[in-house]
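Here come two complexes built around chain A, the first alongside chain B, the second alongside chain C.
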Partner chain A sequence: MEMNTLSILNLLAGLILAPLLPGIINRTKAVFAGRHGQPVLQTYFDIFKLLRKGAVYSRTTSWVFRLSPVIGLAAVIAAMTLLPALSAPAPVSFAGDLILFAYCFGLLRFFLVAAALDTGSAFEGMGASREVQFSALAEPALLLGLAALARATGSLSLTGIFSASAGPSAGPALALVSAALFIVFLAENARIPVDDPNTHLELTMIHEVMVLDYSGPDFAIILYTSSLKMWALGALLVNVLFSFLPLHGPAAVACVAGSMILLSVLVGIVESIMARLSLLKVPQLLAGAVAISVLALTLVLRFTS
Partner chain B sequence: MIILLDTLLVTLILTGFLLLGSSRLGASIRISALQGIMTGLLPLALEHGDLFSYVSLLGVAVIGLKGYVFPRLLFSALRESDTSREVQPFVGYMASLFFGILFLMGSFWLDTRLNLPVHSSSDLLVPVAFSLMSCGLFLIVARRTAMSQVIGYLVLENGIYCFGLAVVSGMPLLLELGVLMDIFVAVFVMGIAIYHINREFDHIDADRLSALKG
Partner chain C sequence: MSLLLLPLIIFFAGALLQMVFGRRVAVVRVAGPAITVAGALAGLIPVIRAFGGKSVTASLPWSMPFGSFSVEMDGLSALFALPILVICALAAVYGSEYLKSFEGKKNLAGFWFFFNVLAGSMLLVVTARNAILFLLAWEVMSLSSFFLVIFESEQEHARRAGWTYLVATHIGTAFLLVLFCMLGAQAGTLDFSGFSAAGMAPKFLSAAFLLAVIGFGTKAGFMPMHVWLPEAHPAAPSHVSAVMSGVMIKTGIYGLLRVLTHLGTPPAWWGWVLVAIGAASGILGIVFALSQHDIKRLLAYSSVENVGIITAGIGIGMLGMSYGNDAMMLLGFAGALLHVLNHSIFKSLLFLGAGSVLHAAATREIDRLGGLMKRTPFTGAAFLAGSVAICGLPPLNGFLGEFMIYLGSFKALTGSAAACPAAGVVVIAALALIGGLAAVCFTKAFGMIFLGEPRSDAAAHAHECGPAMRIPMLVLAALCVAVGLAGPFIPKLLIPAVQVLAGRQMTDGNFFAPTERLLTNISLFATGVLALSALLLVLRTRLLRNKPVSESVTWDCGYAAPTARMQYTASSYADPVVRLFKLFLQTRRKFVSPKGLFPEKSSFSSATPDFYRERMYRPAFNATEKFLTRFQWLQHGRLNLYILCIMVTLIVILVWKLR
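Let's look at the complex of A and B:
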């Protein structure tokens, strides 16, 4: 019973704190640039402001366009229910849920892309094409990394993976999986060096361009969904990084939440000191992530055989 | 000790991937220097007991040569040749990385098939050696400039050195110093060759040498 409250607490922490992450990233970037910057709670303000407004729909759009934000939100929340906090189990877990976790994001992406194509705008179609191209490369990196974790701990559910300890010989493999997951995290959340979230209306952007036609409550849902997505993928990375810590109970949940804040500071630092890669170099970076995941899987196969 | 050794070996594989994916000659030289330093540290991480002084001497010699002297020679050749700083591959960077992954899996498979009498404490050493050797050969074949071919040769030699560490126990010092001397001369000669190719033809594109007429 106590474990159940813990897992609900973990889920709630994610649902409530997720919009904090973009605010922390922006504040870190502002400090690096010597500015004061927007409030840390800016994403909350944006979401509440948008929820009070009405939505405008283009006459060329169909039901796909109106349906996709809701489905996206549901998919991300479903993924978050599968995510444990170190040894505290997830609310839902079964053998093979790591594949469901990866493909919840696939569902979100599919509907986002379908809605972008539904608007009939060439600009959004271009963004959709890039999103699909890059995620086709990021997905093998994520899945192979998860496969390496599953093999190292002998468990097929996320809860099982992070409650079992992998032993010291898996250390290099875990470090490699974390590196690959960090690249996937940056690519999936459209951060620098893959995409620059600040370049509105430029020809090089990927994620932001697909949601240009949304307004009002729909756009609020999109904003909330993308911060939840950042929380879910980031929490996965944090779980891998700290899986060797013997933390139990509320300390584990607090550790994950605290590390998420550190992770967003790290993302802010990366964005301040790096430029966006040119569009032709991004597939190379993602192929590098795939190579790192394959290496991790090979090492794990060697050590557990 | 074993975790240090494994970390070094994994870093070696990663530098191999970086070399396959990097597009700048200067970056390639720096990465190969890093790889040379890593291979120099390898014998220090292996346990040797009473041979420790010889082994550390060899390690220092390898680090000095591969980490300092060779990069200096290559950089000066690059400066004098005054040509494009691009790698100019025959096989694209993405495809090269893909080949790198294939080589890695192939080497692990080969290692399980061979049953070598390995003296090392880590069972990663032999597959890493095979993967570095195949990466080096691939770099020699798939890159256009003479400079990249020298770098590929260095990677190949790093692989052979790892293999020697794994298979030969006790490290015959004289033999290893002889090998080091060989590469030193080889890199020196190649540096001179690059300089001459460049002075005659205004480029260091080894592929275009095949079109020469007598």
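Let's look at the complex of A and C:
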């Protein structure tokens, strides 16, 4: 029973704290740039403001455009129910749930892209085209990374993977998996060096341009979904990084939540000190992530039994 | 009379009777589909019996040398017969309306004759238990589908497609002929029940395996034997494409599996061969698919991809079998078989949807369509369901089969009995990449055809199809959802077939219990996702109540006169990925750039012809033709000399035999 409340606590922490992450990233960037910056809670303010508003729809759009945000949010919440916090189990877990975790984001992406194409805008088509291209390459990196974790711990569920100890021989492999997952995290969440959320030119956007035509509650859902996605993939990374810590109970949940804040600061630093890659270079970065995952997998196959 | 003979009789006798007595248009319109539906209903009875664990057998006296008319419906046959019957019946209902525009112009009596013969011969292929009977049924199946492909034979592309198909299928059959002669010579009988791996040399078994892979792989569409598929499937009427792509190519998978059951425990490299073919067909199939401009060609290439997924699953199952890893074997085989069922559902749905688009807007060019969701909402919704399913996304059915193959590959990596981890890695990587690329392909297909603004007048004035075309699509779309949620019931369909493949009765309940729990979990999760979506939809609707909701134009940066031609096109959408794979695709681009201060003309076009067809088959066939023209002096057109040649040959053979 105690474990159950912990799982729920972990899920709730994600659902409640996720919109904090963009705020922290922006604040970090502001500090680096010597600006005061927007409030850390800005995403919450935006979401609540948008929820109270009406909506404007393009005449070109159909019901697909109106349905998509809802399905995307449901998919990402579903994915979050599979995420443990170190030794604290996830609310839902079974053998193979790591595949389901990856595919939930596929569902989110399918509908986000369909909605973008529904507007008939060339900008949004362009963004959609880039999004599907990059995520097609990020997917093998993610799944091969998860396969390395499964091999290292002998478990096929996320809860099992992070509650089992992989042993010191898996250390280098875990470090490599973390690196691959960090690249996937940046790419999937439309951060520098793959996408620049602050760009002001529609032509150069990826994620932002796909949601240009959303307004009101739908846009609030989109903002919230993006935050949750960042939390879910970030928490996965944090789990890998700290899986060696012998933390139990509420401490594990607190560790993950706290590390998420650190991760946001890290993303902020990356965004402050790096320029965005040219679009043609991004596939190389993602192929690099795949290569790192394969290397990690080779290491665990060779050095663990 | 056996239950199994009844559907065969309905299909074949029905086809003949209708050809002889019912050639009037009004009769054909009803009688043709009615025979298919009746045959399918009759066929479902032995299928259900077989799923219950009781094989249905029948045999008839037959005076064919070495032949015996013995048929059997066991678990494996039933699993393939089920989609054959269901999809043929639904396609027939669809066809009754689809073919209306051809009435009076085309010989529809002939069409329905071949359609019903095709349905009957496919059923016979999966139930035949004698090599002669099997090959006969196989040939009837190939020929009847050939005549369906050249239905619009006044068009050159249909004739060419039919020719390619005819050549390809017979090359495949040639390998099968050798295969069965070999097996028969060893066993001393051509009855399947007599084939046995016991006492056969490993080299012999491996040769048989390779023959089966090439022979059956040609029908199934393994790369690089797939070249007929993207030609023949688009040329046929859409409901025939649905049958061919949805179920007929699966008879190749069935044949391979059936032969494997007679070849004993496979050595590991057989599994590797199938894993490699599966990964290559899967990845290249989807890459070719997303570079196509013709919706039916795109769907045909995507069939190559899905056959690749199925083959990779079979490969994992065989590796599990040869390493004695039961969990891997079970998940690989069961996942592959489930994907056979699932693919038949969503691929048929997509082809029927494509037919409806063709019917509505008179074009298959994706770049000339757009905005059909508003004009043909029903087809649009059905196509969306099929697209999500074929991308293998939860909560629909496509995810289940891929999930099991994934898990089988993970089992190759983990656990105490880890076997052949490298194959697991290959399949995981391939499935992940295929999943990502399938999303590109089908967001393109769905998005560019149904969303946005119409890109041509024909698309702007499209009209929705009638009820006879809608009902089959509705049934298939409902099946996509239902199978996704029916996890707990699926193992009951798969277990009899897996037992046939494993070559042993697995009465141990513990063996299947994990699979059942697994699929139950997925279906519960899928239900959760659907319920959550519904809840959020209600919430969103409540939030928008009493709020100002208005309509406007799409954000266009304030441009004054946007037109539909400014939309992103299907080709530009897929272009980044096409460029990534340019090594394989070799897309040809033709670009006339605008010139001068007041440019008048410019144009751009691209085409992706099949790499293997261009680089492998065309040179090979050209060389063969060149060689054979040397013997043209024999072909002088004098009949008396031909007869003389035949006589001389016969006498030589006779003398040689009597010597």
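Throughout what follows, the second predicted complex is superposed on the first by the 302 of 305 C-alpha atoms of A that agree within 3 Å, B and C clash if a C-alpha of one lies under 4 Å from a C-alpha of the other, contacts with A are read in each partner's own complex, and residues count from 1 in each chain.
Please note the rule applied: a contact is a pair of C-beta atoms (placed from the backbone, for glycine too) under 8 Å apart; a residue touches a chain by one contact, two chains touch by 3 or more.
Not measured: the values here are computed from a predicted model.
Taken together through their common chain A, the two structures put chain B and chain C side by side without a clash.
In the superposition on chain A, A:P172 makes contact with chain B only, while chain C stays out of contact range.
When the shared chain is aligned, chain C comes close enough to touch A:I71, but chain B does not. Within the superposed three-chain model, A:I292 lies in touch with chain B and out of touch with chain C [touch as defined at top].
Contacts of A:A13 after superposition on the shared chain: neither chain B nor chain C is touched.
Applying the stated contact rule after C-alpha superposition, one finds that A:P283 touches each of chain B and chain C. Shared-chain residue A:I47: touches no atom of chain B or chain C. Of the two partners, chain B and chain C, it is C that touches more residues of chain A. Once the two complexes are laid over each other on the shared chain, residue contacts for A:R302 go to chain B alone; chain C is not touched.
By the touch criterion defined above, A:A147 reaches chain C but does not reach chain B.
Minimum C-alpha separation, chain B to chain C, in the superposed model: 9 Å.
Judged by the document's definition of touching, chain A residues 283, 290, 294, 301 lie at the interface with chain B and also at the interface with chain C. Interface residues of chain B, counted against chain A in their complex, comprise 2-3, 6-7, 10, 13-14, 17, 21, 93-94, 97-98, 100-101, 104-105, 108, 123-124, 127.
Residues of chain C touching chain A in their complex: 370-371, 373-374, 377, 380, 384, 387-388, 391-395, 399, 403, 406-407, 410-411, 413-415, 421-422, 424-425, 428-429, 431-433, 435-437, 439-440, 442-443, 446-448, 450-453, 514, 517-518, 521-522, 525, 528-530, 532-533, 536-537, 540, 543-544, 547-557, 564, 566-568, 572-577, 580.
Remark: chain A residues 168-169, 171-172, 175-176, 283-284, 287-288, 290-292, 294-295, 298-299, 301-302 touch chain B in the complex. Here chain A touches chain C in the complex through residues 51, 53-64, 67, 69-71, 73-75, 77-78, 81, 92, 94-97, 99-100, 102-104, 106-107, 109-110, 113-114, 117-126, 128-130, 132-133, 135-140, 142-144, 147, 150-151, 154-156, 202, 212-213, 216-218, 221, 283, 290, 294, 297, 301, going by the rule given at the top.
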